[in-house]
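A, B and C label the chains in the order they appear, each numbered from 1.
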Amino acid sequence: MSAISTDALGKRYGSTWALRDCTLEIPAGSVTALVGPNGAGKTTLLKLAVGLTRPSFGAVEVLGLAPREDERELMPKVGFVAQDHPLHMGFTVAETLKLGQRLNPSWNDDIARTRIEHLRLPLDRKVGKLSGGQQAQVALTLALAKQPEVLLLDEPVASLDPLARREFLNSVLEAVAEHAMTVVLSSHIVTDLERVCDHLVILSESRAQLVGSIDEIVASHRLLTGPLADASDVARVHDVIRASHTKRQTSLLVRANGHVYDAKWELHEVDLEDIVLAYLGYGVAEYELEEVVR
Amino acid sequence: MIWLGWRQQRTETMIAAALLVLVALILVPSGIEMAHQYTRDGLSHCLGFTPSQACDEAVGSLEQRFNKFIDLIGWFNLVPGLFGVALAAPFALELERGTHRLAWTQSITRRRWVVTKLGLAVSSTVLAAAVLIGILIWWRAPLVRLDGRMDTGAFDSQGTVILGYSLFALGLALAVGAVWRRAIPAVMVAFVGYFVARIFTDTWLRQRLVTPHKLTWAAGRDDPRALWHAWKISETIVSINSHSGLPPMAECIRKGATNVKQCLAVNGGHLQAVFEPASNFWPLQLVETAMFGGVAIALIAFAGWWTLHRE
Amino acid sequence: MIRFHLERSGVPTYLQLVQQVHQAVRLGVLKPGDQLPTVKEVVGTLTINPNTVLRAYKQLDIEGIVEGKRGVGTFVASDARPTPPDDDRKALRSALDRWLARARAAGLTDDEIATLFDDTIRPPAISRVA
């Protein structure tokens, strides 16, 4: 069962496509990373999923429901933390929780209070006086206390310092450990993807470039190195994602469709981070094989 | 949701309440004084069309004593505009800061959010306007009995038009705020718009809303009864059956006449007045209220529709 | 109670957790009946995907090293006896081969290699992170 599925989904602002021809499925229960540079369409995809904007083309379904038309049925099941996590700066933390309680029939006040206590946030402090990390945590509490089935996070840690970032991710993952939910986490930071997420969507230039489980992606991508050669032979069978040549050597990052039989190529596994960077258009780090046990 | 709406316009509600308290503080003491003087001097006997000289003196004394408050009422014309734009500010601020998206990703529908917010703004405005109207009608009661309520200064404060004005200011601020999404400029633009609309109505539009009456009478005679407590839009001297070539007033000046009325009468001078009689008070009030109110409703509906459909 | 840690070694995370449990049982840090950290606790310490922890615990369950008691937790099985899986052995062996080649290329004699090895192994290099 898909938590989110899109069908040729597109969004246009004027003559610019923010997202184009996007067809993907995000499995229920997964922790999916939505990765791509700024402007790639990550925010647009999430906003379409949560009904904050309407598709120009195609369709999106969350838990089998349409975000706009089935708004009343769907919204209690979806938690969303926007990029700038807008909160009412003049409200106290307690009033912000009250907002959540009044606007969400599925609100569980115990979850909310326990989280705030655990984070040691003073209930009577105005939100505007909290640090960025604390505000992000309050926004996350609002999303989690309604006990959603799907949690969408739009670059929630982009503006946070590393410690706050860690704590935020921790909170999210602990929540997933406690109540199974699907998480989609968008970020333009590619480190730590593998430990936090099990699925990946790479968006670049408003299109979905790669979608799949991280295990499968790492297993199917290889770095081929060999003497200077043309990539076209390889490209006939496999998807060449990135080719780079020096005077004497050629490196190809490929998504293998089956075995690579040509003996002139040496095969290496590739880090998830390097795979992602290759899809985003950056060079793959050249390897120097180490002989020490790692 | 209702709690949220009230909580969010907490500051603005207090501003509106403070304005009302200010108005009350200014008007209540003087209103009590004025009513007291009215009864003390027995001015209820001066309400006839042909008052005596004693009445003239007593009424003049009352008016002179409370003159500065009457002038202040002019400033109070800004208050409905202030109510309207202040109570529109929370909505505009939400849109500016993007916190409406926070509400939209909770579990209520977007439509319900918009309707509740706008509904609260409208009902607060109506309430504030109603209280203001109450205070103003109470305060001016003695003067209205003596001088009527058709004069521009009185008309603006004695009936439902204030409701129309407040809602108009509210609607304008909401509409500008919905499109522009910057609260402070929206409030300022709306207030200026309110000001311009009020001036325009007072100086040009009002006399065209309900067809005024016209009467001509000979200069020597008393003013016709119909003019009692009426709003004189214009009063001119016209010549009927004149013997000389000059206009009547010019002739009298040339002659150096000491009794102007008699001189004018002799020279065929007639007075002509274009006016709204006192009986047109409620028709005028209702038409003007409907006009401002109708525009207000359209603006508010637009603000809601635009907010829902823009994203 | 075992405390997990992660290394950037190219070994999949879940496998690292499995290996650490194996090691702990082998060394007696974890005894039969001891409770493993809850998924939530591991996630809280390491900031990793809960599914990864579940996968590791599931593998350990299949291997018979642990047993999960629903609603209570995951406990070391009474008859736990981990053996290094074949893959581990092979990888270790080939890494050792490479290391030996490198040591010899650096000019060490077999004796020097043996001494180096003994010195390294003797204060037992157990990362006992309590």
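Convention: contacts are C-beta pairs under 8 Å (C-beta built on N, C-alpha and C of every residue); 3 or more make two chains touch, one makes a residue touch a chain.
Just so it is clear, the model here is predicted, and its values are computed rather than measured.
Asker: Could you name the chain whose Cα mean is nearest to the mean of all protein Cα atoms here?
Answerer: A
Asker: Among the chains, which is located farthest from chain B on the basis of C-alpha centroids?
Answerer: Result for the farthest chain: C.
Asker: With chain centres taken as the means of their Cα atoms, state the distance from chain B to chain C in Å.
Answerer: Using C-alpha averages as centres, the distance is 85 Å.
Asker: Just the number, please: Cα centre separation of chain A and chain C in whole Å.
Answerer: 30
Asker: CA centre of chain A versus CA centre of chain B: separation in Å?
Answerer: Chain centres of chain A and chain B, defined by C-alpha means, are spaced 59 Å apart.
Asker: Touching chain A in the complex: which residues of chain B?
Answerer: Against chain A, chain B makes touches at 1, 3-4, 7-8, 97-99, 101-110, 311.
Asker: Chain A touches which residues of chain C in the complex?
Answerer: Those in contact with chain A are residues 6, 9-10, 12-13, 38-40, 43-44, 46-53, 92, 95-96, 98-99, 101-102.
Asker: Touching chain C in the complex: which residues of chain A?
Answerer: Within the complex, chain A contacts chain C at residues 29-31, 166, 169-170, 173-174, 176-178, 192, 194-198, 215, 269, 291-294.
Asker: For the complex, which residues does chain A have touching chain B?
Answerer: 50-54, 71-72, 75-76, 78-80, 82, 84, 86-89, 91, 95, 98-100, 102-106, 142, 146
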